[in-house]
Each structure stands twice: as structure tokens, then as C-alpha cells.
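Here the chain labels run A, B, C and D in written order, and each chain numbers its own residues starting at 1.
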Amino acid sequence: MAFEYLFYLGMSSLDAAGVLFYPELFRHAHDAYEAFMAERGADLAGLLREGRIGLPVAHASADYLRPLRHGERVRVQVEVSRMGEHSFTIRCALSNAQGALCAQVECVHVCVDPRTGRSAALPEGLRAKLGVEPSGETRV
Amino acid sequence: MAFEYLFYLGMSSLDAAGVLFYPELFRHAHDAYEAFMAERGADLAGLLREGRIGLPVAHASADYLRPLRHGERVRVQVEVSRMGEHSFTIRCALSNAQGALCAQVECVHVCVDPRTGRSAALPEGLRAKLGVEPSGETRV
Amino acid sequence: MAFEYLFYLGMSSLDAAGVLFYPELFRHAHDAYEAFMAERGADLAGLLREGRIGLPVAHASADYLRPLRHGERVRVQVEVSRMGEHSFTIRCALSNAQGALCAQVECVHVCVDPRTGRSAALPEGLRAKLGVEPSGETRV
Amino acid sequence: MAFEYLFYLGMSSLDAAGVLFYPELFRHAHDAYEAFMAERGADLAGLLREGRIGLPVAHASADYLRPLRHGERVRVQVEVSRMGEHSFTIRCALSNAQGALCAQVECVHVCVDPRTGRSAALPEGLRAKLGVEPSGETRV
């Protein structure tokens, strides 16, 4: 079972047609990823503050299948869809209250050494946390 | 007792110093206002879609007292601090997990007729909902 | 020669590491697309206000190759990379002041009838404007 | 004569009514402030990267007088409206193409020592640059 994250689609994410503006798909997917990491026990804020690794997104893509409208409660299913030595991929599936899949977002996070900007191996502790199956729904 | 709204301070709201970038105070305050309206039974999304009134912000101000940092769980207390015939003011107080007040945001919403852009009386139903005291904490 | 759009990378687009936060790639690419449309004589704002067609993004992807840093003057080359009957693809290439390619963004815009949400043929006038080769650099 | 900054009001700044969403006033005002600082020869990005001072906004306010609409070319007049020992205030006036004042934004920037978070004296070099009268219009 995938980790679930819920959000209310507020005015700040809309375009002039009253539907979610697509760059906001990535913003909400990132919020969902941060909640997912927290639920796995990975302290992302602390990790980045420490400055030993960075986890920038090297590739991001989204399919926006059905409009997400103002006031909708959006459900995001988050999963690690690929785990490598130096990178991992997070996949988010966004559904509306009727359960219809409205958008999918995929982001490849690469592990880098912030001092050099070069690729680095993912810390073993982080890989272990991301490899564990999630424990169910969490409301944020 | 004021309505409470909680949010996790994620990467999308940060500046380069790792603290909340001040325009994001207004974004989160607006999310809190929308949650507050929903809790009062005011369907803001429906109201705006209908197109009979608009509630734009004519004045907004914020005091940013203490840095809000990445990963913090921020608590927002929302209240109607003034209710008029044609406008109302929403006040949000943002505190960190230690209970310290970190920021205050105040927004004056004016009721307008979207066809003319002119000031209009607040619908009686909406005023009644905003005048009622809130029922306690709601997590969103 | 492709259309060029320049922007200064300000604080509002940064993450805590002081580099452009990837959802902002899509925001700036959209600004560049709007400038490109204006340069082609396509009045996007008027077109959408009229309400006969919508041009939502059905697919968006980005490769973020090198960090774009605070204070950089970013050059965006915009082109129509595919033109169909019901959709078109906009490709943006973002380079830094040294001319190094830092990111690529691709967005598929589909033409829809806003009343039904269904796919519609691109208006002939719009297709003609997008098919014309651009006339050079425009600073916005 | 005040410094002037121009921007095109694109889709990313709109609300569902097709007008600028008020938190975006602060975002654009900050972009204008960064362009203003650059024009004065103050390397804001370098200054913050160096880490000896920070210039967070302690108070921000906006009056939003007339709707700013999709596609408008907005003109921002930027000035230092107050200069102190430990803080300064930036005032931005936003006008539409017809020259009508649409919004005013005021931000108080305080100088802090990033290591302690405490108030610090503004560096003499920065104060001198902010005190000098601007040299005219700059398009960004």
C-alpha cells in the first residue's frame, strides 16, 4: 500500500480557468514527497541543513489528465518507483474525491556532494528508509 | 477559541537562507482562510464559481517576527478581526512548535460585484457564517 | 533562429541551497511561452478571456542539467517543437551567462473547448502564427 | 526620478478571476527591488552568498487599488522611502499601461547577522548605494 497525502486545492494554485496551474503539480508533489520522507523517518530538513548531501531533481515530468478544480480534496499516492546507487525516483498519483486519476508526477532525485556539485552515493541509512514499505495513510 | 490550521513548512516556501520567504506568509494565510471558511460552512469555491460576488484582498499586511524554518509544523490561528457591511478583515497568527508567535498577517477582503468591479454588500448568509464563533481545532 | 527571452533569477525562485527550485523551471518556461506568443502576434490573454478555446498543458517535462544560481541572467530559447491538429509542443532551453545549457523544458499544450473540456481543433489563425519563424531576440 | 521596472503579467500570477493574486504583489515587488539593487551596484546575490549579513523583511504591506489583469505590462516605480541605521524601507508603486496606480507595496528590510539572527548595522557601502538617487529607467 502506498503512502497517501491529502491537500485542499486552494486559490493560490489556480490558473484563470479556476483549475490547478500545472507548475503547481510539482509544488504539491514535492510537499507530498516531504511528508512521505518524514513518515519514513528521514529528516529531510535536517539532512539538507547538515550540508553533507543534496538531493536535487534532475528530471521531472507530469501528465495532467483531468482538471483539478478549486475546493477539491486531492489525494496523492506517493511511492519510490526506482532506487539506484546515486539516485531515486518518486512517483505521485493525484486523484480527486471521486477517485479518478487526474495527474501523475515523476521526479528523479540525484544525490550530490554540495561542495563539489558532483554525484555521490546515497547514504545507506537513507536508502534503507526509502526501501521499507510504507505503513499506510497519513493526513498532513 | 480561534480556528486553528496546521501546515508543514516545505521546501517550496523557503528562501536561500532556509527560512520562509515572506510572500509565502500570504499564501499560507490564504490557505488557512480557505480552511476557516470551509469550517464555517461557507463554500468559497462555489461562491466564486457562481460569479455573483468576488472577495478580493484590498489591503494586506504582515509582521514577520521570528524566522520560520524548513520542516517546522506551523500553527495558524485564524479569526475575523473586523466585520463590516462591504468588507471584513481576517487575522492570522502563525506560531512554531514551541508556541512562539512568529508572524501575523492581516487581510481586508472587500465584497465586489464581478461584472462591474464595484463594492457590494456582503451577502447576509456569508456575514452570518463569519459572525459565528468557531468550533475548535481543525487539521487540514 | 529561435525566439529568446531573458530573465534575472531572483530570490522568489530559489530553494534553500540558493539555486532555482525545479517547479520554477515550469513557471519561467510559461512566462517565456507567453512572451513568445505575444511576439508572434497571438493575444493569449484575450484568447483565454474570450473563452472559446483553452490551451492547458497535458504533459510537461524538464531536465535540470546544471544549477541556475541567484543573480544569474538566464537566457531562454523558445520554439514550437511539434505542431498538430489539436495540440502543439513548446520547447524551452535555458542557458546561463556563460552559454552553458542548464535546463530544458517541454510542454504539450492541447486545445480544448472550455464548455465541454473536450479536445478541439486549433484555430487556423493560431496555427499560422505558431508556424511562422520568429524574428529575433526580444527582451522582456 | 524613481527607478522603474517593467513586467508582463503572466498566467502564473493570476487568480481564478484572471487578475493578479495579491501574494504575487510581494513577489513582483521583490523582483523589482532586486533589479533596483542591481542598478545601484549592490550585488544582493553575492552579499547573501557571502553570509555576513541578511536582509529579511520584517514588515510588508500592500494596498491593491485596481485589478491588474492577464497580459498587462505593469510598471513598478521603486524607491527607498526610509533609511535607518539597522533597516530600510522599499516602496513600490505598480501602474498599468494607462498610467493608473493599481497597487502599492512597502517592505521593511532589517539587517541581521545570519549567525546570531540579531539586528546589525547596515554596512556603510550598502547604505551609500541605497542613498544615491537612481539614474532612470531600466528594463529587466
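Simple rule for what comes next: a contact is a pair of C-beta atoms (placed from the backbone, for glycine too) under 8 Å apart; a residue touches a chain by one contact, two chains touch by 3 or more.
If you're wondering where the values come from, they're calculated on a predicted model, not measured in any experiment.
**Student:** Among the other chains, which touch chain C and chain D together?
**Tutor:** The common neighbours are A, B.
**Student:** Quick check: more C-beta contact pairs in B-D or B-C?
**Tutor:** B-D
**Student:** Using C-alpha centroids, which chain lies at the maximum separation from chain A?
**Tutor:** So the chain farthest away from chain A turns out to be D.
**Student:** What whole-Å value do you get for the distance between chain B and chain D if each is reduced to the mean of its CA atoms?
**Tutor:** Computed value for the inter-centroid distance: 24 Å.
**Student:** At what distance in angstrom does the C-alpha mean of chain C lie from that of chain B?
**Tutor:** 32
**Student:** Would you mind listing the residues of chain D that make contact with two or more other chains?
**Tutor:** 11-12, 16-18, 23, 27, 30, 48, 70
**Student:** Tell me, which parts of chain C touch chain B in their complex?
**Tutor:** The touching residues are 11-12, 14-18, 21, 23, 70.
**Student:** Can you list the residues on chain C that touch chain A in the complex?
**Tutor:** 16-17, 19, 22-27, 30, 48, 54, 56-65, 67, 107, 114, 117
**Student:** Please give the residue numbers of chain B that touch chain A in the complex, ascending.
**Tutor:** Residues 8, 10-12, 18, 27, 30-31, 34-35, 38, 43-46, 48-49, 69-71, 139-140 of chain B touch chain A in their complex.
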